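Next come the structures, one after another.
Each of the two complexes below includes subunit A, the first together with subunit B, the second together with subunit C.
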Partner chain A sequence: MLMRHRSTQDEVPRDALPMAAGVRARRTSDFAVFAAVVAACAGAVAFLVHAEDQRLVLSTLVACGIAWFAAARFRVIAAVERGAAGHPWPTRLVLVVACLGILVVLREDNFGLLMLATVLIYATVCLGLTIQLGYAGLSNFCAAAFLGCGGYTAAALGQAEGIAIPDLAGILLGGAVAVAIGSLLVLPLLRTRGHYAALTTLAFGVMFNVFLDANEMLGGPQGLKLAPITLFGWDFSNDLSLFGMTFSFYANYVLLCLALTAAALALVGLLDRSWIGIRLDAVRLDEVAAQVFGLRIARWKILAFTLGNVLAGMAGAIYAKMTGFIAPNNFTLGDSLMMVSIVILGGIGNRWGVLPAALIVVLLPEKLQFIQEYRLLLFAVLVILVLVLSPSGLLPRRTRTLVAGRQA
Partner chain B sequence: MSAIGQYVLNGLMQGTIYGLVAMGFTIFFGVMNVIKFSHGDVMTFGAFGALVAATAAAAAGLPTSVQILAAVSTAVGLAALLGAGISRLLILPLRSAPPLNLLLMTMMVGTVIREAIRLFFPNGTNSQRFPALLPPGGATVGGVFVRYDGLILIVAGLLLIALVHHIINRTRFGLAMRAVAEDQETARTMGVNFFRVVPLTFALGSATAGFAGVISGLYYSEINYGMGLLIAVIGFSAAIVGGLGNLWGAILGGYLFAGLQTAVVAALPAFSEYKNVVAFVAVIALITWRPTGLLAERASERV
Partner chain C sequence: MSALAAAPAILEAKGLSVRFGGLFALNALDLTVRRGEVLGLIGPNGSGKTTFFNVTSGIYPAAAGTIVLDGRDITREPAHALAGLGLARTFQRSRLCLPLSVFDNIALGAQERLPQGVIDNLLRRRTLTRTVAALAEEARDLARLFNPDLAQRLDEPAVALGMIDRRRVEICRALIGRPKILLLDEPSAGMTHDETNQLIDEILDVQRSRGDLTVIIVEHEMGLIERITDRCVVLNYGRKICEGHFREVAADPTVREAYLGHS
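Presenting the complex of A and B:
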């Protein structure tokens, strides 16, 4: 069974694997490449989010596309991956600095920050989908419904009079409700496979929407309004003042979403590196073989489904609080498809691919105003093109090697 | 009594439409092991083609019978062409891709068709009135008011189902189709032209969907760009509940779904908005009970 792993060195004690000076030097240069690429990406993102001029946006996008092709062609992406894998902590530091840099540059751009937070919300849901689709091989065509579960939980808590539940608990509760509602689907999902399982989730997603539309208690098609988040006494509708700079109040939400996405990334990474990830891979690749080797398919599928739904539910609660208004229209089948598209576009099973893919899918239609009317059409065409031309996505998942000291 | 009869007729009408669409899903799956989710939108495309053809024929002053003929042949022809084109250009080249990719791809093809109709058909965002071409009125039979057009459409739908069944089981093309479904490689070595049979199969399945689009337009006298999406999910559900790859299963599933919807509306009028919720819950429960459908093909796991 072929499996992937990003790096094998970390499992082996450092001194057990004597390293030639040349290898160490190459790793350092790889890390420099990584830092440079992250800085370039952060710059491009900040510029794209902020830019207004359509021609400028378009030319930047074209430049990014060419840069991506060149990077793939000249193995820069592989160097970046090696560099990041060789230095886990400096890697995290560079990423955090890059995010804060973007935040500082965009500090007064309300709309830009809102978009960034939306990208992060989608990325979080898609990380959940990565666990479900990418690791356990569970089809889930109703991710938007679980996002909606979280959102409507937050909204219903706000509507309930006389009960004051802190917002942090509300967000966690959003995740719990998504899991609880998702648990209704567990039995059908365990019993069915392939297209039958896909239909179960598809039917559930459509049903969820019809139900919300018909339910007067939850606002029907008009939806519900929500108050902004208050976390540890800090009202998220206030502007932030730090180091003599004023940040738009959306920066609060960006930071919160960033924390959630980082937690999700860490969770997915830990899963991937652990024996749980190996078991999930086994379940996905060959259920019968996994069963023969004594794995309990049901247990691992339930775990993956639950983890994915927690992430979707929590993201949904924050999303609802951030936009201040939710309606059934926010959680349609089309949105679920968009999330699956992000996962496939990024490279199914690769957690880092989710970020650029979410950025492209969410940002593109918002920035290119002239395609506003045609955005769904163009988006669909784009996904078809990716599926035909590059079915493994932007950052394909590498094959896991379980033997130490050998790179995939 | 008369109320119940009315519900039964409505249910039969809906069931015929669902069954025709589900039949396409099951044919495609049987032959190529794919779910072509754009099927509902192919139906919409056929219905809009029929609308244009009927309007043009009416403008030319042709008699009603010619208008009907024009509408039906345009819908069936356009849907068949579109279905064959999708299979030739997108499904055949990707036939070795993971099923998830193919499912997503056909969903996106459906989105493209839907959005194209919305954007490029004049006033496409709003519902379009479909001309009433069939004789109006009806007769009271045993206390039940029967609309003539409904009766004609149900009979036409059943005739089409019989025709498709005949094509699959009694013609040379049907034989080739079944051979490909049974074993693609053997069929090809025996001289079946794979790259002709597959698009033709998709044309056949899509043609039935185009006909379903005309039926829907004639009966409800209204069509809109988005109607294919829900029909696709329902048709897919019907095909799954019946057991993918089984023609009678798909038709059974179609009538079952319509029966459930109608039963909810008849029994609990206050909850008629929830009819699809109830029907989908029933579908999920049914496939949990019989994970490969009601009339499943018997297959054991190949290791």
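Presenting the complex of A and C:
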């Protein structure tokens, strides 16, 4: 019944006939809903990141949760999706304005900005995981290891005496090293499936950690220190002054992370709405049928794995530079599992779902200090609760509708 | 019939064997299929019909023998290369990508015409719009051959379709690659008698409209086989036990014995 309803909306002719006035009005009102929801979300994010009072945090969270399910129930989320899909450029503008708004509100909150940047780092890695796990169906339980590859690349470049490699090149190199180390896993990954592939990557993640712990050159368990980023002559350890306001130096990192996350979102979006996206879906859903219809399974799996690892590696290099210190215990199995849980919580294969999910997973344990050791328990309960109430995640993936065009 | 008998062979298996451990799923099978023919492949359960499809489409390796498709030896070709050489098939259990739209499912069959490169796919968006428009047109035409209603539902997820429409989409996916030969594995599975008859009529229409399309069909429903096939091959324990027009085959005592056992 639901399906039917959706399809009748989709059948409204878009190109052939002049658009009906009602349709145009609905599209505009959808966009207004979209803008309002983005503004509300931005406000909630800024408030949650900044709030110190734990009871306030908890009650805001509960309110957000209720609002979310009400929005899903009354099809507000569907209207938001339609509004955004109908106006691609205004959508981007609204999103940029919302991000800058959050940045302005939090401009002097060092810890808040650091957390925001961390959320974006995790979101970027999880966008990589979306390509691997969500599209191609490749289990990757060692995403933190690829994050670490990028981080340790940046750190090692900083250790090297006498060679000055620009930080931008260092970030790109972080991505390249993650791909190179990931290529060790390609063969086992192509030969295994399902739980077996998961186990392979799990073992690799553990191996990576043991290797770092034992390697004296990379600092062993003590880890390595890193200098802050300098990009195009601008030192990221300086505070920013813009429009008469002073922003904490962490705002530099938030902006850089925003750029990376935006690029990752664009990449995943382009991929999804391309023939490669359909092929990756086919590889995930039915390898045998895909093969019979002429798909080279190995080629598409390797492509998905590589793209995901590039994102993780680049995010890792920025992460290491931002925190100024990395050690093996930043990149543990637990972190990898957290990344997978972000993808699942957000809705596997929906690139936008990664953002709220990363926010919840990264922010919550930090904010709920008041229950001390039990905070991870509460966090776990929350994840389970979300998945019980909405089994395919916060933002379930929609069916790709190429024939109707962008207006899905 | 006589015109068909003179037509050149499009698919030729010689001494074809497939082994699973000690068991011969196909045992030295010789089979010739002529261009434009509708060949029925019948036999009791486990006689090797689906195995023949799987080895021909490159999913199983052949233990011995050769398969020649339109003059080219395809015995060792990997599965993904065969679609490009003109071979398409459906599966006994419907194997659509259910969460994907009907259009995505059908378009998957047109691999040869889709851009392969990453740059082409991600940055040349006009190529995407153009290929989508062309393939949507073609998919709509194909779907209309089966069911005009289906042609209106290209953007719906395949999971929303009933069994008969899923079968139709599977056949559309196979046909959009413009194959020379189509292997149909039990198209009636999971459908009612009436639905099956309807689907078969549609398949026959499509086959006739495409002149030289060759069809091999595996089917348990004998009424259907009798109605649509030009010729039948009967398998039992991986061997060919009989070959000919359905009426001759049905009258053959070895075939009766294979199906019914000793009386």
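Methods note: the second predicted complex is superposed on the first by the 371 of 408 C-alpha atoms of A that agree within 3 Å, B and C clash if a C-alpha of one lies under 4 Å from a C-alpha of the other, contacts with A are read in each partner's own complex, and residues count from 1 in each chain.
To be clear about the criterion, a residue touches a chain if its C-beta (ideal position, glycine included) is under 8 Å from a C-beta of that chain, and two chains touch if they have at least 3 such contacts.
Bear in mind that the values here come from a model prediction, so they are computed numbers and not experimental data.
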Joint occupancy of subunit A by subunit B and subunit C, clash or fit: fit
Which of subunit B and subunit C A:L100 touches, first, second, both or neither: neither
Partner chain in contact with A:V288 - subunit B first, subunit C second, else both or neither: both
Which superposed partner A:V381 touches (first subunit B, second subunit C, both, neither): first
First (subunit B), second (subunit C), both or neither touched by A:R273: second
Partner chain in contact with A:T399 - subunit B first, subunit C second, else both or neither: second
First, second, both or neither for A:I297, with subunit B first and subunit C second: second
Touching partner for A:S139 - first (subunit B), second (subunit C), both, neither: first
Partner chain in contact with A:L187 - subunit B first, subunit C second, else both or neither: first
Dominant contact partner of subunit A by residue count, subunit C or subunit B: B
Contacts of A:F204 with subunit B and subunit C, given as first, second, both or neither: first
Nearest-approach distance, in Å, of subunit C Cα atoms to those of subunit B in the combined model: 7
Interface residues of subunit A shared between complexes with subunit B and subunit C: 288-289
Subunit B contact footprint on subunit A (complex, rising order): 133, 139, 185, 187-188, 191-196, 198-200, 202-204, 206-207, 210-211, 213-214, 288-289, 333-334, 337, 340-341, 344, 348, 373-374, 376-377, 379-381, 383-384, 387-388, 391
Touch list for subunit B against partner subunit A, complex: 29, 35, 90, 93-94, 97-101, 103-105, 107-109, 111-112, 115-116, 119, 229-230, 233, 236-237, 240, 244, 273-274, 276-277, 280-281, 283-285, 287-288, 291-293, 301, 303
Interfacial residue positions of subunit A with respect to subunit C in the complex: 3, 7, 10-11, 267, 270-271, 273-276, 278-279, 281-282, 285-286, 288-297, 303, 397, 399-404
Residue ranges of subunit C touching subunit A (in the complex, touch as defined): 57-59, 79-84, 88-89, 91, 95-101, 103-104, 107-109, 111-112, 114-115, 118, 121-123, 128, 131-132, 136, 152-157, 160, 173, 177
